[in-house]
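What follows is a single structure, written as structure tokens, with notes after it.
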Amino acid sequence: MNKIVADIKELKVFLEEEVKPLEAHLLNGNYDALIPAMANFRRVARESSFWNFPMPREFGGQEMSLEDFAPVSELLGTSPLGHFACNVQAPDIGNMELLLHFATDDQKERFLKPLAAGEIRSCFGMTEPEHAGSNPIIMSTSAKKTDGGWILNGHKWFTTGADGAAFCIVMAVTNPDEVPHKRAGMFIVPTDSDGFTLLRNISIMGDAGMGYFTHGEILLTDCFVPDSNLIGNPGDGFKLAQNRLGPGRIHHCMRWIGIAERVMEMLCMQAISRQITPSKTLADLDITRAKIAENRARIDACRALVHQVTAKISGGSTERAGISTIKFLAADMLMKVVDDAIQIHGGLGVTDDTLLSFWYRHERGSRIYDGPDEVHKLVVAKEELKKYTAS
Amino acid sequence: MNKIVADIKELKVFLEEEVKPLEAHLLNGNYDALIPAMANFRRVARESSFWNFPMPREFGGQEMSLEDFAPVSELLGTSPLGHFACNVQAPDIGNMELLLHFATDDQKERFLKPLAAGEIRSCFGMTEPEHAGSNPIIMSTSAKKTDGGWILNGHKWFTTGADGAAFCIVMAVTNPDEVPHKRAGMFIVPTDSDGFTLLRNISIMGDAGMGYFTHGEILLTDCFVPDSNLIGNPGDGFKLAQNRLGPGRIHHCMRWIGIAERVMEMLCMQAISRQITPSKTLADLDITRAKIAENRARIDACRALVHQVTAKISGGSTERAGISTIKFLAADMLMKVVDDAIQIHGGLGVTDDTLLSFWYRHERGSRIYDGPDEVHKLVVAKEELKKYTAS
Amino acid sequence: MNKIVADIKELKVFLEEEVKPLEAHLLNGNYDALIPAMANFRRVARESSFWNFPMPREFGGQEMSLEDFAPVSELLGTSPLGHFACNVQAPDIGNMELLLHFATDDQKERFLKPLAAGEIRSCFGMTEPEHAGSNPIIMSTSAKKTDGGWILNGHKWFTTGADGAAFCIVMAVTNPDEVPHKRAGMFIVPTDSDGFTLLRNISIMGDAGMGYFTHGEILLTDCFVPDSNLIGNPGDGFKLAQNRLGPGRIHHCMRWIGIAERVMEMLCMQAISRQITPSKTLADLDITRAKIAENRARIDACRALVHQVTAKISGGSTERAGISTIKFLAADMLMKVVDDAIQIHGGLGVTDDTLLSFWYRHERGSRIYDGPDEVHKLVVAKEELKKYTAS
Amino acid sequence: MNKIVADIKELKVFLEEEVKPLEAHLLNGNYDALIPAMANFRRVARESSFWNFPMPREFGGQEMSLEDFAPVSELLGTSPLGHFACNVQAPDIGNMELLLHFATDDQKERFLKPLAAGEIRSCFGMTEPEHAGSNPIIMSTSAKKTDGGWILNGHKWFTTGADGAAFCIVMAVTNPDEVPHKRAGMFIVPTDSDGFTLLRNISIMGDAGMGYFTHGEILLTDCFVPDSNLIGNPGDGFKLAQNRLGPGRIHHCMRWIGIAERVMEMLCMQAISRQITPSKTLADLDITRAKIAENRARIDACRALVHQVTAKISGGSTERAGISTIKFLAADMLMKVVDDAIQIHGGLGVTDDTLLSFWYRHERGSRIYDGPDEVHKLVVAKEELKKYTAS
């Protein structure tokens, strides 16, 4: 524990000195300056062992449990560049954990190793524009068996970081006649494969981004993938995805709490510095204070529950309803804190001069991606009602 | 820990078998039947060591820490009779803790002992109708020194359980010229003292109650109290009150979580049993399910934070802002769960045929007593803003 | 219009001088004093033509349109005794309008005339404890044809004002094999009929009430009703009920706006008079001011829409979705204003010393009776979606 | 009235056929295609008399009262290009009305005439980055008297449409020693004046825009303005601004209702077309339906109140509190409808493929510009409390 606390202090210095000064480039969409600068602080992070925290040491990590990673991830979340700086950004960290547990030695050598080293990036192709993203068992992308491999055809979107990624882990229907949960398989598709096309970086809330900071729309047209690139067995896709999504949602929650803390800091700083009369600042209004208190309560209650659920999972429990609970609770918390901070900032709050606009826009998706609020609420309610309907 | 889990199981049986069957009397205001029945289950509780949990063994308790008491108190909260059954009801438990730590041996003998034994009840006279209840340093009740004692004059209300109490701990101004926090003292005033008058049991939300289930309005008219009934020194009142109020608020939060869990159970039971068409119940509607999930999230997040704050206090921290946070968070949570449960119950929800009406009415005060939401939010915000204004 | 404005001024004086001074009896449940006093102010109202406003002059009314009645009803709503004072209280005014339009001359003579004269009271038996009250086509009460009349058997509740009523208009299934909307008929059942039993005045939110201020539970056991007491034809019940419920909901909305205005007055008066420091009142806090403004917006927007819908209905439109919209909007508005006013009142707000507790308790049902929010929302959404699904 | 209804039908056709097809250019930031296309539909609008609706006929308008303009403005609001198409966009329409009422004949000739003809655009420089935008009496921009004119120095931002505007109406302190409300004057500053610099088009929520679709930051450095460009007298600025802001806020409210209706259409269309299972769409969920109904109620109540306040103003009332009420009510309504529509759209909702993202981003400011919610609430509360504090 003391070790982690010490790490966190050093990590904080790293973020303040190396990472946060570059946020302005992201705000201004100045990717030409940002991308080489990020390469630099990623090198520093790697040399400082601020790298791949939950991965084994052989892959450059710290073997942190989900529970120990929680405060680290929260801290990284205070900058939109934090997770990427330490190579624990979605979807790469999720892909690394997936490959670590389920890939063949050959796959690990070819794909996990360079990914863990930060030499390449990856992406994950699951959601399809034609189907509600919340339902991972309904998909149209097909994988047909052929000699030595599979032929993939389909259409994916919201493939984060596809622009510049070396490979994409693609879910496709391998067993169309099976029960829904056993229909799909997972394939490692190099992005330079014939028939793999990045149609566009989808413009999200006014910004198509560049490189890692993108969400791609992808077309697979008779795209051949060799057998050696199938993860696990045909039909394993859904099981593997579940394995990947649970921790992924917890990672998001931790990151959102970090964002919320940074936003809270911005809110308070603005409140104490913005004069409304010569002798009064926004912080002197009890209406501002009520907002501060409500958001403090929101953040602290959310964190307490996230840590509780994380501890249970670290202890071996599955906690599906628990994960769904924190997913919609934390996303709601985040959007409320951000919205209040914008309001306190007045006109400045809607400009791209602060990070508030960035999060207001790019985290509105938090209530949608990895399952919209509505779906997670149904999961929680189903579990709750089971207590009263068991025979 | 295992010991506590075992206790909790037995305690649950006790509540189900001895206590909950009598709730109907409370619902119907049938105090004539309720009061002797309660005497009976309190005897059982005492014999079963379900008694005075946080008190030392010499006073019939289990020496439970605040942290260990949390799940017990939550369980007791599932019945409006639960805390009283086990002699840990407000304000008596607060008075016991106060006397335990600050009373003289003589005072303990005369007042704490019979109170801990459940032979008498007590009350606490702080709030005054003429002053905002949230500010314990503004009060008009005066204590003037006289030979061998003090002469008290004043007006108190919301003195819970005054009807039938043996004594009242009264706050009164002993040192009017001191700084605000050192003006008042605390007196143990036997309710049969000359000049101590219970004006009325205040009718609260349609119900004046009886005995313990009352909130009294009290007049002190030249009421003599001997020196031996002063707790601590003149001017100690505010310090003693703070000591009493912090844990008191946590006790309320735990109890409210218990209520919320019982209400959630009622909500779900109603949802699965209420048919809206021959083949469909309320539980089949996703709008019902969304409510269930939102309340599950609310309760769990609130509990997680309450336990976190409690653990810190058990560990010696003062956590003033933390207590204020959970106070307004838990009260808000409670009222929302109750309100949703009423809505799901339809017409039945507004009748006195279920406990929902009882809590809807008698816990609306949760957002007011022991400091209204607004005051606690200011405490939290002040603490938050300090982070940014320290020199 | 000038006539109405003049009437409203006089009516206001009447309410202030004759009606409001008696509210304390209602607050204290002092029905023994209240009931004769009400007889007195009802006499005054009748003599002053503050009576039966929407009824024809031959029945003692003013022939007011729904639109003209709106501001009158709002004003009456400012006192919980207002509508009753002027004989326009639910369910009697609804029953009068029903009888006016659909009763035989003989029925009018026997039932409408004395009701309009205020000599008797009536009630309306529709909701059944066994079925969701929101669905008027599902009911178990049966009416079997027999010589010269019908035999009624069934169980009703939430029969407002049954205690002391001279007759009850009962809905019962006359044509069980018909389509749902044509199954029931409406019967005028004298409450002294054999087989008509008032089981109890249901205790609602801590108060069973007396006389008009009650909600009864009723048992019909082989209760004979002569043919001459059937309103319209067998099977007309649902159609007649719809006719009655639409305006009834508008009446409620108007009344709720009146309550909200009175509550707003109480809120503001408390804010300006409650000192929190020697130089500051609650009204000096911007958090109080924000609440005041939000409730002013809520009330005014609600009233504007209620008047708009009412004008359309006065103009002949059916406005089913419009009525549903204002029903749930106004009920929500009311409960929010009341809740905020309680919070501003602090401890006093939960006592029965002010009307706030009365409305908090007795209008919680506003979101439930005459169709719960959830049902009205479905009506509105269905209408909205029709715009996009019409062939 | 029939005339207006007829106009509205034709106007709707114009919007559908000429304007809405070009919205995609705005979504994609394709200003190079948009700007010439807009010139075209503005020509059509002018020829069709869909132009300058509230202006006198001599300035190409229809002399519409504020009340008659309400439904027109709502309709225009259904497209982000609507108001601009008809030359009634902020700030130009506000500037036109200002010049119409307060400019000299010479000023009208030079500035109003070409503006009304749509030959030039204008902007309005009031808000300053150094001061809370909500307080028009605190400003640093100074105007010092010199021979034949004034020397302006200062810093303005959120100057909508400054990019490409021919002139800017600038507020600057002319009488620093006067009482606050009489300190500033208003100047017509040609944007090609020496010392008038457009520092940047502020990037707002990810988009700096171009031409009309911008918000500028402006520096005034020893900028000379001739006496003939002063509107009214020195010190009149605040009075003129109030005159301009009141109707401006109503215009915004009408436009927001139009946006809300378009968003509601998008929400419903998405709900009925998005399949969640082979036999079920989002519109089949009662949770979707509840959202639809709540937003229908929100929009309709808001519109009813906006029309009521507008009618009073058309009738000569000042309605300052009324305007503040609808300002914060409508902005809140708008943001809620947009947010719910995004949620219903899922992933698509956060992309720039629909207008939802545009409004989510560019109307977040609605709760801030022309006075933040908090300030308008204080105005409303002050007025409300006056009812109870008048001597």
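Things to note:
Note that the chains are named A, B, C and D in the order they appear, and that numbering of residues resets to 1 at the start of each chain.
Rule of thumb we're sticking to: contacts are C-beta pairs under 8 Å (C-beta built on N, C-alpha and C of every residue); 3 or more make two chains touch, one makes a residue touch a chain.
Just so it is clear, the structure is predicted and the values come from calculations on it, not from any experiment.
When each chain is reduced to the average of its Cα atoms, A sits farthest from subunit C. The greater number of contacting C-beta pairs, out of the two interfaces B-D and C-D, is seen for C-D.
If you average the Cα atoms of subunit C and of subunit D, the two centres end up 43 Å apart. A separation of 53 Å divides the Cα centre of subunit B from that of subunit D. Centroids of subunit A and subunit D (each the mean of its C-alpha atoms) stand 37 Å apart.
Annotation for subunit C: residues 285-287, 290, 374 touch two or more other chains.
Within the complex formed with subunit D, the residues of subunit A that make contact are 28, 127, 129, 132-135, 157-158, 202-207, 274-276, 285, 287, 342-343, 346-353, 357, 360-361, 364-365, 367-369, 372-374. Of all residues in subunit C, only 285-287, 290 touch subunit A in the complex they form. Note for the complex: subunit A touches subunit B at residues 264-265, 268-269, 271-272, 283, 286, 288-290, 292-294, 296-297, 300-302, 304-305, 307-308, 321-322, 324-325, 328-329, 374, 376-382, 384-385, 387-389.
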